[in-house]
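Chain naming follows the written order as A, B, C and D, and within any one chain the residues start at number 1.
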Amino acid sequence: MSEIPISYFLVLSAILFGLGVLAFVFKRNIITIFMAIELMLNAVNLAFVAFDRAHGAAHDGWVFVFFVIVVAATEAAVGLAIAITVVHNRQSLNIERVNLLKF
Amino acid sequence: MTLPLILFFVFAGLAVLGALLMIFLREPIHSALALILVMVALAALYLLLGAEFIAAVQIIVYAGAVMVLFVFVIMLLNAGEEERTNLSKLAHYVGWPLGIFLTVELVYWMSRATIGARVTTPTIAPGDPTRDLSMLLFKSYLFPFEITSILILIALLGALVLAKRDS
Amino acid sequence: MPIILNNLWIIPLLPLAGAAVNGLLGKQWPQSRVNAVGISSVSLTFLAVIELAREFLALPADQIPWVRSYAPWMVAGNFRADFNFQVDQLTLVMLGVVAGVGLLIHIYSTGYMAHEGGYYRFFSYLNLFMFFMLTLVMAGNLVLMFVGWEGVGLCSYLLIGFWFLRKSAADAGKKAFIVTRIGDVGFTIGILLVFWTFGSVNFSEIFKQASGMPIESVSQIGTLTTICLLLFAGAIGKSAQLPLYVWLPDAMEGPTPVSALIHAATMVTAGVYMVARMHILYSHAPLAMLVVAIVGAVTAFYSATIGLVQTDIKKVLAYSTVSQLGYMFLGCGVGAYAAGIFHLMTHAFFKGLLFLAAGSVIHAMGGEQDMRNMGGLRKKIPITYWTMFAATLAIAGVPLFSGFFSKEAILDAAKDGPYANLYLWTLGILGALLTAFYMFRLLFLTFFGEQRYDEHKVHVHESPKNMTVPLILLAILAVGGGWFAAPTMLGGPNHFENFLRPVFETGAPAAASALAENAGGPETGGNALLKSLAAPGVIVALIGFLTAWWFYIRRPDLPKKLAQIMHGLYELVLNKYYVDEVYLALIVRPLLWLSTNVFWHAVDERVIDGAVNGVGRGARELGGELRQVQSGNARSYATWVVIGAVGVTVLVLGVWGMVR
Amino acid sequence: MEFVAQHPVLVVSLVKIVVLLLLLMTALAYLTWFERKVVARIQARIGPLYVGAHGLLQPLADGVKFLFKEDVTPPASDRFVYVLAPFLALSLAMATIALIPFGPATIMILGVPTHLAIADVSLGLLFLFAITSMGVYGVALAGWSSNSKYPLLGGLRSSAQMVSYEVSLTLSVVGVVLLSGTLNFNELITNQSGYWYHIIPHWNVIPQLIGFFCYFIAAIAETNRVPFDLPEAETELVAGFHTEYSSFKFAMFFMAEYANMITVSCLAAILFFGGWLSPFPDRWTWQLYLPGAGLVLGAIWLAYDTAMKQRGIARIQLAVVTALALILGVACLIPAVMPIVQGPFWFLLKVLCFLFFYVWTRGTLPRFRYDQLMDFGWKFLLPVSLANLVVTAFVVTVRNR
């Protein structure tokens, strides 16, 4: 049977994470910024699963993935609710236009 | 070039493509679709790593629930194209290069990780991994598990309050 | 089955409970209920002590001292102090004195304080004092003892300042507290040194080790000597010896029962008790013992002289207390611990009685304390008179009265004890002379001669039962108390000393032998009696009595003449040798100046406040600069996050990776 | 070529996929016919009649019609998504069929042990839910992309509805999972073999009756069928999310809906009614003849019908059908084939019953109002299924003690 080095997965997760960071900095739309965060979380999950696989028997890695997913879900729920409120108050999804809280 | 390797590259490519699309598409819903693509690809990769349960959960929760929520909200707010304002000089001049630098750095170190030498055969993990996982969750990780349930409850309430106030 | 022995904590906790109940709930209660609580708690304690005595006497010798630990208190490294109580003969004597006299004075107070405000407060404090005193006496280690030590100090402060609306009272309280502190500094250091030396603060452990140590020579100041001197500093403060006696006379601002209980019978004797308790250390440090003896003797004489000319009835008693304490220390200093403790006991009886009687007089005179405005009260308040008369006889050392036996024991030890010292003995004798004089002076001024007060203003009346009864009981003790040890004088064995011997024998061979020799003299009863009747103490007592009689009954005009003749000396003594003024000038003023100008204006305001405010100002300015970063644009924040992430990763992965 | 030789799995799966796909397509087509007929009967009509005998060729006609209609894409629409949506819907709906086992895990076909399912996944149920949960996108995106009021509302509604009913759907199934302690379809089914009192089949419906009801109601809502078909409530939203769709894209949504129906019915059969297990005890050997016998009888009835009622071309068509039925029936009676067909026979029968039930409800019940729908979903169905789950969990725990 054929084999894949773990490092492939790790590199992939690194790339995805980096892209997530870029999106996080680059995007202006609140919702897409949330998506960027989700992307980063996913990258981390991939790394977790890969490590778990590398370590074999015990599946603690999966547990972490599980928790990350749960947290991500809650984060999305609350975040989107906030986004809705923001839009209702500011009539804009552009995060650069939501800048009252300063100095 | 063996079958699993091919599959890996296919799905990895899809994932990266999706991520890039998510960044460069201006329509929020397109970004959302791109992200869904990433997630599905990741699920497939999980299967390659023998994490069936995680793959399923990934699709159910992320693709099936979280992203649906995103799409739903986008539809609800009828979010149009995002405007590329550049009010933040910092983000404009520093953010980009640093982000790229971070990516490169991470890739470099990840590729050099000692654990990376291990190889994985894309078969199902021995035994009943799902059972093991549940054992872990409900035995050694019981407390965190309960905490997360409380977290979910709180998030639910918070979302409720936020949504209720402006309705 | 010993009840109290296994539950020693009962004894101190009873008064504490009383104090708590009265202090917390007593405010709205009628006096009767406050009395019920206060008196019952103390009398229960007294009963407990009696029961304890009964059980204790039944104990086999090898189980003494009886130590019980109830809970670990402080455990830090190898330092360990428990709530442990120790009972031996000495403790038992102290317990008896404290509980017994305490009970009587409680009863007395119900009458004396009946018309005072803050009634519940008074009794709460009194009970609290009992608690601390009992703790002090029963403590099984130095630290717990120190707790009691400080606790009684606190109660004394509270009670001296009981009429805190009167400035003099409040000041007196503060003075007592602060002056005592000075001594306590020494005491604290002493405790630390003890732990440093013996690695423990438990008496049993300390004594076991100390008795093994060599006896230090008089010339050198070794560890034990240092310890003893430091501890003695505490005793000086607490027991108002030279040079720290100044607080006691002022303490007379407090209610008379307080003076009786705290400043005559119990608290001030704590120092003596402590020295006796630590006697093993002392008997290994002759130099320290010498110091103790000298201080005691000098104080005894010195304050007696002051007592000669005082006109305030309580002040006289106060100075006499100081001098009597001096005797006790003298006793301890010359190795006659048993005698010292014995004097402590008898003194508790007669001096407590004297104060109570004086209180009764003051009560009768409606608050008047100046003896010059009294006189001829003999007929008006007979009970008070007779009891006070008995007490005077006792303190003056008239044979067969309690004071006689104890004081004689001390003077004998000073004359031909193991640490005998003729100078000290002389001082003691002179002190005895003066004592007799001023005591009879007090008696005559108060009860004899023509009445020098206004019949119509002051309505003199005998005190109520609950005051007179304690007087009578104490009088009986004051008269007969000496007979615990009487047979020495009459050539028999000295029960009191025999009783205490197991305590004082341990590790102090010299002293013990001396005691033994004192205990059963070879002489036959007859000439022993003669010897003791011919003892200088008796003679000087007689002289004192006669002179007093001559001056104040026969020729009442003499004193003024005398005062004019040796005017300077008179003024000097009347103003207590200007000691307070000296202290004020030498210590208090400079200290005040220092703290005001240096510590307050310079250090506190400039340095500390400056630093604090400076930090605050700096933070504010820095924040003012930094807040510009918070542009309100979330993307900038995101970028900051990324910067941070890059920093961390470079640091961790990069640097750490290179290192590996 | 040798790459394929290395992986025989691929070939087998490919064959299975093709076969199943064809079957499924026909099934979908004729499901429409079936529905129209039944509904017609319920409404005292006759239903399709003219295209072929008993309107048997109606589905084909519809298919052709869809193909040749003009394909309109609204100019304001978002092209990509607009096109993507129906594909997503249909493909996801049909993908689920890959997990459904039609027969026992190992049966011999031509001496080769074969599994009557495309894939036997150890977490089959979970993956099925994964795929169905994606199904929302078809509707939502369709509604959004066509960039017009009614579709948007329809899309919003249906996505909300699907998300909220998905919860109780999953919960109602968890009870069964708890009972049999596995997520694999085959194990789920084999765990249901056996009989109470040697006669009552050991199916999950009996302990999980409440669970079954919750499941079925939630399933109807999931598939946007009457009485939960608000997304395409023609009285208020014209045609809901696929208002703007025409021609074959519309057909795709149509097929997707029916495919979903089939999936859900299969799932119901597997989880609650013992999948491909026969309802009769094994000792009754005569039941082996039932498939063949049934088909043959059907053929005979058709033959009678052909001879008596039909005229002209219809007669020929029916004759063909009859012949087919007869051949199939006889084939099923061949001893070699007989064991193979048992599983599929019972399974399809059960599925058919559920489909009939679907049509029946559609013919019977009125439509909910939207708020009623949401209230029902959150305030009744969810609590009930939760309670069912809790009770089941309790019972299981006690039993395992």
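The rule is simple: contacts are C-beta pairs under 8 Å (C-beta built on N, C-alpha and C of every residue); 3 or more make two chains touch, one makes a residue touch a chain.
Only a predicted model underlies this, so the values are computations on that prediction, with no experimental measurement involved.
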Greatest separation from chain D - chain, by CA centre: C
Selected interface, B-D versus A-B, where C-beta contact pairs are more numerous: A-B
Gap in Å, rounded to a whole number, between the CA centres of chain B and chain A: 5
For chain B paired with chain D, centre-to-centre distance based on mean C-alpha positions, whole Å: 31
Mean-CA-position distance for chain C and chain A (Å): 75
Cα-centroid distance, chain B relative to chain C, in whole angstrom: 79
Residues of chain C engaged with two or more neighbouring chains: 631, 633, 635, 638-639, 642, 645
Of all residues in chain A, the ones touching two or more other chains: 21, 24-25, 28, 96, 99
Sequence positions of chain B contacting 2 or more other chains: 3, 53, 57, 65, 69, 74, 76, 87-88, 91, 95, 98-99, 102, 106, 109
Which pairs of chains touch, using the document's own definition: A-B, A-C, B-C, B-D
Partner chain D, residues of chain B touching it in the complex: 3, 27, 29-30, 33, 36, 43, 52-53, 55-57, 59-60, 63-65, 68-69, 71-72, 74-76, 78, 124, 130
Chain B-facing residues of chain D, complex: 6-7, 78, 80-81, 84, 121-123, 126-127, 129-131, 133-134, 136-137, 140-141, 143-144, 152, 155-156, 159-160, 163, 166, 183
Residue ranges of chain A touching chain C (in the complex, touch as defined): 21, 24-25, 28, 33, 95-96, 98-103
In the complex with chain A, residue positions of chain B that touch it: 2-5, 8, 12, 15-16, 19-20, 22-23, 28, 31-32, 35, 38-39, 42, 45-46, 48-51, 53-54, 57-58, 61-62, 65-66, 69-70, 73-74, 76-77, 79, 82-85, 87-88, 91, 95-96, 98-100, 102-104, 106-107, 109-111, 113, 115-123, 125, 129, 132-133, 136-137, 141, 144, 148, 151-152, 154-156, 158-159, 162-163, 165-166
Sites on chain A touched by chain B in the complex: 1-29, 31-32, 34-36, 38-39, 42, 45-46, 49-54, 58-60, 62-63, 65-67, 69-78, 80-85, 87-89, 93-94, 96-97, 99
